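Note that the chains take the letters A, B, C and D in the order they are written out, and that residue 1 is the start of every chain.
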Amino acid sequence: MDFIQLIVSGLASGCVYGLIALGFVLIYKATEAVNFAQGDFMMIGAFICLGLTNQDFWGLNFWLAVPIAIVIMAVLGYLFDWGVLRFMFGQSQVSIVILTIAVGFILRFAAGTIWSHEPVSLETPFAGRDISLGGVVLGFDEIAIIIVTLLLTLALFIFFSRTKLGMAMQASSQNQLAAYYMGIPVKRIQSLVWALSGAVAAVAGILFASKGAIDPSAGLLGIKAFAAAAIGGFGSLPGALVGGLIIGLVEPLSARYGAPGFSQIAPYGILILVLVFRPGGLFSQTQKKKV
Amino acid sequence: MSTPSTNVVLRIDNLESYYGPIMAIRGVSLEVREGQIVTVLGANGAGKTTLLKTISGVMDPEKGTVKLQGEEIQGSEPNQVVARGMVHVPEGREIFPLMTVAENIAMGAYTRSDKQAIDEDTELVYSYFPILKERRMQAAGTLSGGQQQMLAIGRGLMARPRIMLLDEPSLGLSPLLTEEIFGIIQRLNAEQKVTMMLVEQNAAVALSIANYGYVMELGRIVMADDAATLAASKDVQEFYLGISQEENQRGQRRWKQRKTWR
Amino acid sequence: MRFVFKTTYDADINLFKHKTQMGYYFALFAAVLALPLYFVWTGNPYLLGEITAVLIFAIVGMGLMLLTGQTGLASLGHAAFMALGCYSNILLLNAGVPWLIAFPLAGLIAGVVGTVIALPVLRLHGVYLALATLALSIIAGDIIVLLEAYTGGVSGIAVPDISIFGYEINKYANPYAFYYVVLAVVFIIALLYRNLLRAPTGRSFSAIRDSEISAQAMGINPTRTKAKSFFLSCVAAGLAGSLFGHSATYITHETFDLVMSITLLLMIVIGGLGFIHGAFLGAVVVGLIPVLIANGRSLLATTFGININIPGLESAMFAAILMGFILFEPMGLYGRWLKVRTYFELFPFYRKDMFRRQKSYLKTERVQ
Amino acid sequence: MSHAPLLDIKNVTQKFGGVVAVDDLTLHVNEGEVFALVGPNGAGKSTVFNLISRFYTPANGSISFNGEQLLDLVPDRIPSLGIARTFQNIELFEQATVLQNLLVGRHRHRATNVLSELFFLPSVRREERRHRHAVEQVIDFLDLQPYRDKMIAGLPYGVRKVVELGRALATEPKLLLLDEPASGLSVEETQDMAFWIEDIQKQMGITVLMVEHDMGLVSAVSNRVMALADGKELATGTPQEVQSHPAVIEAYLGTSGIQKGGQQAEKSSAAKSAPKPAKTAAKKASAKKAVPKKAAAKKPAAKKPAARKQATRKPASARKGAKS
């Protein structure tokens, strides 16, 4: 039973990693850039929702606060691309990566200044409630995380592979010039992707904060989500989820059964192993150049 | 519309364009009339590709105007130009390598929403290039060079443009396919009334299907005339068609005959 | 504009394009040699310490530039290789090895171990390589803790002083001597770097960066070439790490953290990727901005009595300034310098739009 | 002259997923000849090159060069045997100058190591001078002087093609693989290319294997031609034989035989001056394959290339006379 309990909580935290990784993959799939601030986006999303709904702050109804927070994050994402990244259009990805690193620092500072550096929990209607299934106690928060993550991944997967807009997003990442030749408004599409990833970050943040406390440095979780995205194969949405779950499971298991200090290293060890044996990740999307 | 041949679709005035500090086009003026096939000839590096890119908004001009059906479009985003009915089919390999052939072709119709007509056009493209139909589930990046060129052209057709800019459609294609592609261009022009602006190294074929031609050298237009007149001109024959007037001496080729416009 | 009329192949092979250029660099060298005199005169060597730190950053910057700028491999793990050099140096010194042997040996160890660790991930490209090295960098901190017996782990370890033939050099006791030691290392590395770039190996590096497949078709072994670049880069990182240790005098598992790795990459991008000058310019920016921010803050406190004490403000300001650099100088500082130089060379014929950016477009990196 | 062929490809098959790109192909290239591969797009021509370069490993078969088994070697060992190549879509080092690109071509002649290069020992300088000298000869040969210190990124397509040829020549190969050397080149530049290929063969003694669609160039420079379709051999022989082969016309050449300058050339002087060899070639083909109807219908097509060959070849020999 203990083992199953461990698995369930591992799955839940894996889902959070997966959600953050989903944000990376969205941006990467559609713009080929890596958003190092995705973890901080998540943190900000959590704080916005928390600021709207917690009794210490505005005290809005939770079900009202969640969509508002998601919309605010989407707008922020859009504005970041529109106001900052658009000046960098066509520049190398390294520059964009560095921009996002810098933004992460600024977001962390902003969050600390606005909401303090103390860890806070999001007050959710399902906090502290659980059901017991044959000896296994499942928290409502854990169930919510798993269900929402699965639905979101599925929805995004369908969006990217079935809809015209989703296809256009992929097209504009693979060849910006050709996408323009097709009449795809590449810049606006990129802004939309940033909005989308902002919304996903908000969802991830809300779920994360409902499960435990959050503070401005929570964004550093993003680094583990990187490992998740890379394990899954950086351009693959289901890959991000699978990668997140792998990391979520490895962590508690290696902490329980491994040597002390090993659980810190294990996720990255797995990442390196995956990259060595499958350089493009589990759901590899790379292709050999044809000459 | 009673006299379509006098209707100017595309008019370029005194266009200048730079690659960094290098002036690639130096004051080009030309016009394309509705229903025409206009070809631009010139050696490599003459600025033909840059000209097309500047027209379609992929590059920003420094000076001058580009008018599409009377409206100035210079310096606008390429997607806005496409929305106005002008499609640029680029040279080389500007495809989406990780998407399938079918998805690439579907992207060609991005600006359209008439699903039934899109399906018909897709079938039309497949009928032009059966090999693409055969390979439609294959990632486009794994096609051979010539097949990618076919894909680029087929995809360009999907936008149902009023005017097409074609940059070296025959690049890397077999003689048979080259012939077929020019047949398709002629048919589109005759049947669908698509106006064409064609840049092509294969000057003989280009002139044979074009109504009007321009010759570019070092970023300038140096000759402009009816295609037939150009084809008969001594300089064009010598430098673009490879026909020499007298028995050729190899020495003459290496120490080039001076072009009269230089 | 100066046109060099080349009459021998040596004109292309020599280090300097012409006599005047050589003159500029000798003048620069003389200036940095004489710099400590100024601080002797003012009697406050605090700023010299900061300049020494900048030079140390320039050493690892050159190493990373070789890897990222020349070979096109982005590393987010260079702080780990600095740590490798630093701890090797300390352990060797503590084992009684003289500094003159321990120091280069530490660089060598960093190079060899770094390459062996990185070898399996060297066939990765772009973001995958960056993430793999990022993982290395994260693991490094934990490994240092695990090896507490040797590294001091969380509680840290003291760094012995430099001793050259009995002459003890400590950053605080004799800052001038320490400055010259660092300067000598900088000079040697810069010279070797330049030498490499004008030789076949340097060309094979940029060949790998620009087109791996055609480099292969020219007979260049990609893995071996990347490994070479990684090795040399790690040696530079190891040497810089050792000097950084001497400069810090006490290090813990947090000294060489992920933030440092990221800062290093920031540094060379801001300086200008692909140019050796970029490593120096970037080091100046990254090294001196925190000093300026701190000075500005103390200035506000002493003259206006305004005490700003918001946690994280400094790093946020630092980040904002970096954002400004990237946004307005995407080609890096060296790119700006080239523009300024062209302006003066062509004066008064410089056109404002000469360096205006033409629209540019990216293609996927997933096809390699 | 009965020694073994320089390049010997035997029963090679290459599949990509379900697609068979090269199907049990056998071909050999003799020392000193110019051998051309022609065929429809996707026939597997470039795949043959990539097999020789060892970018692909065939499912079965063998490839030997000068007695060495290429399949035992890794891609970066191939140039050291003396095989150089160009690419269909130009794979130059974009962020480097023309000179540096050509110097990379000298990589296989490198005699220094990293350590000596770090300290730039006199031996390194000596080697560098030697490489510079060799590269300078290539620059002279290809008239690349105006571009010597220019970045590749800013060069027009035609010049890049020449630089790529130069980089391959800088390796001093025994066998040169040219992948569509004339695609995207103007008539004028194609003629230059033809002269260069001829000089490469005759004066430098380098064997050339090329893929090309411009039948004018193919018939002007090549000794033997093989037509491929669907990875299989369609016909092999002299340019005339292959061009008049009905299956080749059907699958590849088409009726009007479009080529740079081809159409007009036929109408004017060339058609008058040299219809004879073409006719005999056509007759030969029809006699062999016994499809007289088709061959007769395609006669005009078969005529042209030969005519063009005359037009370009003759002056070439004339110049040689003038040179010596």
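Just so we're on the same page, a contact is a pair of C-beta atoms (placed from the backbone, for glycine too) under 8 Å apart; a residue touches a chain by one contact, two chains touch by 3 or more.
Please read these numbers as outputs of a predicted model, since none were measured by experiment.
Novice: Given the two chain pairs B-D and C-D, which is bridged by the higher number of C-beta pairs in contact?
Specialist: B-D
Novice: From the mean C-alpha coordinate of chain B to that of chain D, what's the distance rounded to whole Å?
Specialist: 27
Novice: Report the inter-centroid distance (CA atoms only) between chain A and chain B in whole Å.
Specialist: From the centre of chain A to the centre of chain B is 44 Å.
Novice: Could you tell me the distance, in whole angstrom, between the mean C-alpha positions of chain A and chain D?
Specialist: 51
Novice: Spell out, as numbers or ranges, the residues of chain A touching 2 or more other chains.
Specialist: 174-175, 177, 180, 235, 285, 287, 289, 291
Novice: So which bits of chain D are touching at least two other chains?
Specialist: 46, 55, 87-89, 91
Novice: Among the residues of chain B, which are close enough to touch at least two other chains?
Specialist: 19-20, 58, 97-98, 141-145
Novice: Graph of touching chains, which shape: line, ring, star, complete, other?
Specialist: If you draw each chain as a dot and join those that touch, every dot ends up joined to every other.
Novice: So in the complex, the part of chain D that touches chain C is made up of which residues?
Specialist: Touch residues, chain D against chain C: 53, 55, 74-80, 84-85, 87, 91-96, 99-100, 103-108, 110, 112, 114, 117-120, 124-125, 127-129, 131-133, 136, 167, 171.
Novice: Show which residues of chain B lie in contact with chain C when the two form their complex.
Specialist: Within the complex, chain B contacts chain C at residues 18-21, 58-60, 62, 97-98, 141.
Novice: Give the list of chain A residues in touch with chain B in this complex.
Specialist: By the definition above, chain A touches chain B via 164, 167-168, 170-171, 174-175, 177-187, 235, 285, 287, 289-290.
Novice: Flag every residue of chain A that touches chain D in the complex, lowest number first.
Specialist: So the residues of chain A touching chain D come out as 291.
Novice: Would you tell me which residues of chain A are touching chain C in their complex?
Specialist: Chain A reaches chain C through residues 28, 32, 34, 84, 87-95, 97-99, 101-106, 108-110, 112-113, 117, 173-177, 180, 216, 223, 226-227, 230, 234-235, 261, 264-265, 268-269, 271-272, 275-276, 279-281, 285-289, 291.
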